[in-house]
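Take a look at the structure set out below.
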Amino acid sequence: MNLISPIYIVAVSLGIAFFMGLLGNKAQRSSYLILLAALLFNTFVSLQWVFGLGSGLVEAMQVYTAGFKPPFSINLLMGLNESVITALINIVGVLGAIYMMSSLKKNGTGSQVVFLILFMSLNVIVLSRDLFNIFVFLEVGSIALAGLIILQKGTNAISAGFKYMLATGIISGILLIGIIFIYRFTGSLNIDSIITANPILKQGAFVSAFLIIIAIVLELKSFPANGWGLDVYEASHPGIGAILSAASATATYFVLYKIVDIAGSQLNYYISIIGVISFVGSNLLALKQENSKRLLGYSSIGQIGLLMIILGFKDILGENTTYVAFGILVSHYLAKAGLFWLSGIVKQKNIKGWAVIRKKPYFLFLMGTFIFALIGFPPFPSFFAKWTLVMDLVNTGNISWVVAILFGSMMEAVYMIRWFGYAIKGENEDIKDFKIDIYKIIPVGIFAVALYVVGYFVAPHTEVGTAINFIPLYFVAAIFILDFLPVIIKNTLAIVGMILYFYNIYPDLDNMRLIFEAIFMVGGILTLIAGYAYKGKRPGFYPVALLMYAGLTAIIEAQTTLQFFFGWEVMTAGSYFLIIRGKRSMPHGLSYMLFSIGGAYALLTGLGMAHVGHASFSMEILNGISYLPYLAYGLLIVGFLSKTAALGLHIWLPGAHGEAESDVSPMVSAILLKAGVFGIVLTLIGMGASNNQYSELAYALGWLGAITALAGNLMAVFQEDAKRLLAYSSIGQLGYIVLGLAMMTHLGWLGGFSYVINHFLYKAVLFLTIGAVVMRVGTHNMYQMGGLIKRMPLAFIAVMIGIIALSGVPPLSGFAGKWLFYNAILEKGWYFQGAIMFFSGGIAFMYLWRLIHTVFLGQLKDNHRNVKEISIWFLIPIYTLLAGIMVYSMKPQWVLQPLGNMIAKWFPEGQLQWVGETAISQYGQWAGSLVAITIMGSFIIVLVLLMLSTRKAHKVKQFDITYSGERPERPETTHVAYNVFEGLYKAMWPATIPLVEAWWNKITEILHNIADVTRRIYSSNGQVYVAHIVLFIIVSYLVIIGG
Amino acid sequence: MEIIALITGFSLILIGLYGILSKRNIIKIIVGFSLFDTGLHVLIVTVGYIKGGTAPILDSVVGTTDVASKIVDPVPQALVLTAIVIGLGVTALMLAYALKMYQAKKSLDISDFKDMKW
Amino acid sequence: MIRNFFIIAIVAGLAAIFVTLFWNFGDSTTLTPLATHYADKGAAEVGAPNLVTSIVVTYRGFDTLGEVTILFLVASIVSFFLKREKLQKDIELKRETSEIILTASKLLVPIVMVLGVYVFINGHLTPGGGFQGGAIIATAFVLLLMANPDFKINHRIISIVESVSGISFVLVGVFGILLAGGFLDNKVLPLGTFGKIFSAGAIPLIYSFVGLKVGSELSNILSNFQGIQKEEM
Amino acid sequence: MTIYAKLGYTLLGLFIVLNWGFLMGATFRKIGARLAGRYGIPFYQPWLNLLKNISIRTTITHGIMYYIGPVFRLTGGVGLFLFMPMVFTGSPNGLWTNFSFEGDLILILYFQVFGMLGMALGAGQGGHPYSAMGIARGLAQHAAVELPLTLAFLSIAIQFDTFSVYKIVEAQQGGFENWILFTNPFAAATIILAMLGAMGHSPFNLVKAPNEILIGPATEFEGTYLGFMQSAGSILHVMEAVLFMNLVFGGANSWIELIVKTFLIYFWSVFVGMVFPRFKIEQSVTWFFKVPLLLGFLAIIIYSL
Amino acid sequence: MNLIIIIVLSLIMVVMAVTAIIHKKLAVAVIATGVVSLMASVMYLLMAAPDVAMTEAAIGSGLSTIIFFYVLNKIRKAK
């Protein structure tokens, strides 16, 4: 099979470029078409090589100049790598040309020629195997770029271009010195012959190789010698930014990839170090950045840094190098180009101004796609690449590298998510619409779609990626496409989909997983029913809600750690979008995401450590981790705790849950938090369950749980916002669960699991009800409500049962958990934790009373005299859940006995004995049903008595109360609701100082200050930038050779 | 002889660099660049020089046999030709930039062009 | 002061790196294998006495292509960068050109032009070639401009020459693939007798195109810079 | 013993407890009045009150919870009685053990709250600001009291390795030297101090501070509602005392012993109330976080070492 | 002989280069740069590189100096 030789990329491009010179400036329109044709031709050539080489039908092709063999002539090599890279470059060429259509036409044939030549030169530097030839075409490329920078009008572009020329001039000077001396010392200019002839270079040659490599590294705009690059990103046309970031950086990176071996492997380590400095440094500095294009510039530099790390580790990564590098590269390539293009469409300098993108939701979707691809979320290729990278690095003991890489990624996530937050939810007063040129959408859209497609095809290339179950995601995609339909249809579709899926999946699950899957799926279905209460289309809600559920079910079904992590990240993304839908939820969404990502990275590292010493990625590897087990389990636990909002990692939760929409709060509180619990359960099982190997870890976890319970409840007491109160309460409740599980005994787990189920039931009830009430009354503040029992008795009953269950007062189900807990505590000897728990219970009672009193009892407000009962669509799930609570309360053995049997698998010791309906532990007995019957019985008797004696009672008016001899008329002044627990607050205020929040704020502030001080090196003075470059060389020299 | 040329080349590079770093005037910076380039070219030619070699032209003087021991290395000379032309291109473009910058701010002081920061 | 000290420190640091290169430079008395190959086989393979030319045009012809491209690029960029937006038609350059220069230019320009052409046509035999010849042609052009600052350069002609020679250069290269060993192979034409004008295959042809192209490109750049002299700043 | 016999004994016990509660309440009000130089109420006043309240016909209602609240309250009292073994007879299913199923300490602790909940809900529906204030104060104080109290209870549970009140009482049989008061002095001391808060007398009676106007959280209740509330209050007072008696003072082997011991326990709290002026909530909270909490910690520490 | 010439040439080059950097007048600086180039081309000639010498002379000292002057002239006029 004969494919078109890559030489024609050069020949045709140049021929056309020269021909366009002939056309003159009048013929921009036709010359633009010719330009497109040429770029398309290039793309075609490289794509056919991709397919040819990829399918193995053809061999890699060498092109020799004038037919002479290398090293005597310059040769071009078209291998698989080259074909892919050139294809990437040429695709950006075509799309970039489309994107820049008006600019290219306006500036005439000259600019089109420059554009074409730029892409020709990028192709050549990828293909060429001759050092000097690479130098020549690098120069061609940088001159062409210097020409394209000035397509943007204004002084900034001009001065940026000049700085660019200064910097690249010096860099290429250094490169040329390196090249000429390597010729001197090795006698060749051909990369291959230099590599084969000189495995280990002598002093002079090594220095020259060093100069060459460092020059290429500098061309990649390594931090901190990259101010010139940032200025260019900021000043130039967004289309040029895209080219610079996607095409030019890709090509230059490939050059580095080609030539890195000329120094043997001696420089690899240092390249990684420079890479990591770049990655961490520029992502850190970007924290303070508000200019969107400059921000993208920082991010590009960071990504290239990451790629350099990968390159430096190629000996360690082995055959995975290409995969990892490709995954990162292609994500960066697609996402960064997309974002740059988007920035040209949005035309907002400041990232806060990007709020305008809200006016066009589909653009928001594009932006979200790009940003999540950049920070490595599934299903994008970077996710799989990062996974493999971390696995391999951990596997080879490079934990500190992993930490650095993940820290950098974290910083990147911070500013990217913040940016996205501004776009989706930033508070701007007036948001103007913006105009779009149709042709500019094409490239952006193509790249966004490409991200999904590439991700989909990349996934199976990981060893275990094939097993990923994409079916839920297809469903999500389908719902996304159907987003134009009204709520009622989408809701039904979603519910039916989940029912079918659950029906199909549940026979395959073991008991423990079934419990969680049931919470996720049944809970999901029930909370979705509440969605019928919404009118209109509710755009965007269903895809993201289902995305979260898809992630949740994926972590349950996961057979391998990759699947687990995949599901985890999908769930995180989905829940983030859900949370950020709420009003004023932008800062909370951000902190949720950051803690989630931080947690996910801890998780990733932990999973990596679990993999050490195993060939497989099966979930079994969590059992008995052999490599640094304390650290590994600790990381896993921290990762999961970030989701359960343990104290210290909790600051996102109140706002996120509190500000979310009415039916979202129960999803993220009652359901989502259990994902973290599921993870902890898995980890604890892995830690060897009953054999108590890592008791110190469990002990620490137990204390953390206890303190979380106390702190969460204490904070809840002083909330004025009903939903925040419930949110803090969730923190506390999750603390109980964690404490129970950490006890690592049968009873502890039984208590923990019973809490898991209970918390799901009553927190869903409470959040749904309060959410529905909030929908009706339009405020979260409890002191603005009051007396609502008269308007919404059904809601009141739900809340009453909910709080009784939550507070653990017999006879409702909450008591089961308490009883088990104290038995477990006595058995385990964790008395202080137990006392704290009990105290928290007392505090819980305070906020629960407050919740029900200030909302439903007391004085009805004038503006609520006509509110209606909460929506029937909320009542249905609420009462279904209440039925669950009642069944559990009346027949606790129905739940606890199977749970006990299940837990006996891991903790055979110390089980509960069941005699009839009485549970007997070592310390006492509890007959749940009998207690319930006793209480109910006396309740009914007393009730009958009262009814008999008050049968003629008549209703009095609201203000018909005895009040200092007056009759109050204003409910506001009579309703005791604001700051009710003033006395307690006076006694306990030191405990309510948000130390944790202050601590995180301090950390944020320190990071921001570092970023702000450090970035002052970018003084915007061209000379200073040159000085940076030379200093960079000198310092590298001292470190690598001198030191 | 090569030593002298080599020192000259390096010196020119360093002098040029000093000019680039220390002079505020953009034209002076470009002059520094020219010197830097010239120094580079001197280096390249020197690398190809062989003591007592003649120009790599195979006319009657050299004869076509045993050429290798008589001529200087032609490769660096070929490279430097390219380098010189590139240098001219870069210089010309930089000068065009200098003009435009002057037009924009009526100043040739590079420290006046610091609008994009951090 | 501190700034200066700092700069000197940086320069000295770079100097330190150069010292390593300098100490390892050594003495070379023999050619590298690469150069030896050119020396020994160059004449036979390419058929040009001037080895530099054979390297520039054939062995490393790709570099030459890039080089021509760079000039072309710079010319294009400069032309749209320095586009005269506010050209004032009435402004005449006041400077009177002396009679001597005028006459000299009239006399010299054709001679220099011919010299340039000679240099690139003989590039494979004697020192010189496309670049040198092109540069000489551009010098002639400078003379023209000096003599007559208001000289209206015919941009059209320049760009036609530029484009046609460029395209021809590429075409000859492509012919190399089709008819001979590879891109830019000079053996599309017979190698001829060693040392004659019409020898070394397509080298004289290629070098002529290069020369024309370089010459017109440099002229183009110069004329753009000349053009702005009239522009209002 | 048939379930009916058991029911009978239980109702009888309840009757005794209710009346004893009334009597005790009246007695202490009388003592208080005499100490203050007043004549005070007759000892039968509570019965009169109950009769009067129940027979008042002008009953009103503020709404459903106003109605059900007292029911919760009374159920809380009765339930506490039902779950508490009253008189130790040597068998977990003895005559006066009610429906205690050996009397689970955790159940009792949590069920205490049931009555409070009823009070809170019922009073809240009335919409009277004093009710809300009183309840808020009561809850805060309750939480503060519970912390040392729980530590002491846990200490006792550790001591005997059980949560069963019956077993705890059983272990204290055979002479007062076996009382927890002597075998576990820290826990006992904690309970004796914390008990003051649980009983809700001065200085820890800010909950009822609006008493000056009417009767605290129950401000809005009258008639039958108030009668129920009062009955429940009496039962709860006795049951608190019984709980502490069982836990610290060796339980009771007969009703006489029970009455004597509860009287003394009750007297202790009333006595302190006579001597000390009322605390503000923040004062009482901090008070419980000082000495009682410290003692509670000591009580645990000696067992966890 | 050649050695002496080379030394002289390189001395001139270095002196001219320094002049180019430190001299206040731009025109002088540009001319000095041209001289450096010119000297360099002589040096190339001595180092058996006639091709390079020609190029450097024509381009380095010729054309680029001319472009410099165009720009200088323009800026001078604009002042």
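As written, the chain order gives the labels A, B, C, D and E, with residue 1 at the start of each chain.
Throughout what follows, contacts are C-beta pairs under 8 Å (C-beta built on N, C-alpha and C of every residue); 3 or more make two chains touch, one makes a residue touch a chain.
Being a predicted model, the structure only gives us computed values, none of them experimental.
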### Message
Return the chains shared as contacts by subunit A and subunit D, ordered by label.
### Response
none
### Query
Through how few touching steps can subunit B be joined to subunit D?
2
### Task
Among all other chains, pick the one whose mean CA position is farthest from the mean CA position of subunit E.
D
### Query
Is the number of contacting C-beta pairs greater for A-C or for B-E?
A-C
### Summary
In whole angstrom, the CA-centroid distance of subunit A from subunit B equals 50
#### Entry: Distance between chain centroids, defined by C-alpha means - subunit C, subunit E (Å)
18
### Message
Suppose each chain is reduced to the average of its Cα coordinates; what separation in Å results between subunit B and subunit C?
### Response
15
#### Entry: Euclidean distance of C-alpha centroids - subunit C vs subunit D, Å
106
#### Entry: For subunit B, residues contacting two or more additional chains
7, 13, 17-18, 21-22, 37, 48, 55-57, 71, 75, 77, 79, 81-82, 84-86, 88-89, 92-93, 95, 97-100, 102-103
### subunit A, residues touching no fewer than two other chains
132, 136, 139, 143, 146-147, 150, 177, 181, 183-184, 189, 1027, 1030
### Task
Return all touching chain pairs.
A-B, A-C, A-D, B-C, B-E, C-E
## Note on the structure
The residues of subunit C that touch subunit B in their complex are 3-4, 7-8, 10-11, 14-15, 18, 22, 25, 27-32, 34-36, 38-40, 42-43, 49-52, 55-56, 59-60, 63-64, 66-67, 70-71, 73-74, 77-78, 81-82, 125-127, 129, 131, 194-195, 214, 218, 221, 224-225, 228, 233
#### Entry: Interfacial residue positions of subunit E with respect to subunit B in the complex
2-3, 6-7, 9-10, 13-14, 17-18, 20-21, 26, 29-30, 33, 36-37, 40, 43-44, 47-52, 55-56, 59-60, 63-64, 67-68, 70-72, 74-75, 78
### Contact footprint of subunit A on subunit D as seen in their complex
54, 57, 59-65, 67-68, 70-72, 74-75, 78-79, 82-83, 99, 101-102, 104-107, 109-111, 113-114, 116-117, 120-121, 124-129, 132-133, 135-137, 139-140, 142-144, 146-147, 150-151, 154-155, 157-158, 161-164, 206, 213-214, 219-220, 223-225, 228, 280-283, 285-286, 289, 296-297, 300, 303-304
### Query
Hey, which residues of subunit C end up touching subunit A in the complex?
6-7, 10-11, 13-14, 16-17, 20-21, 23-26, 28, 32-34, 37-38, 45, 58-63, 65-67, 69-70, 72-74, 76-77, 79-81, 156, 159-160, 162-164, 166-167, 170-171, 173-174, 176-177, 180-187
### Message
Under the definition above, what is the set of subunit B residues touching subunit C in their complex?
### Response
2-3, 6-7, 10, 13-14, 17-18, 21-22, 48, 50-51, 55-59, 64, 67-69, 71, 73-75, 77-79, 81-82, 84-86, 88-89, 92-93, 95-97, 99-100, 102-103
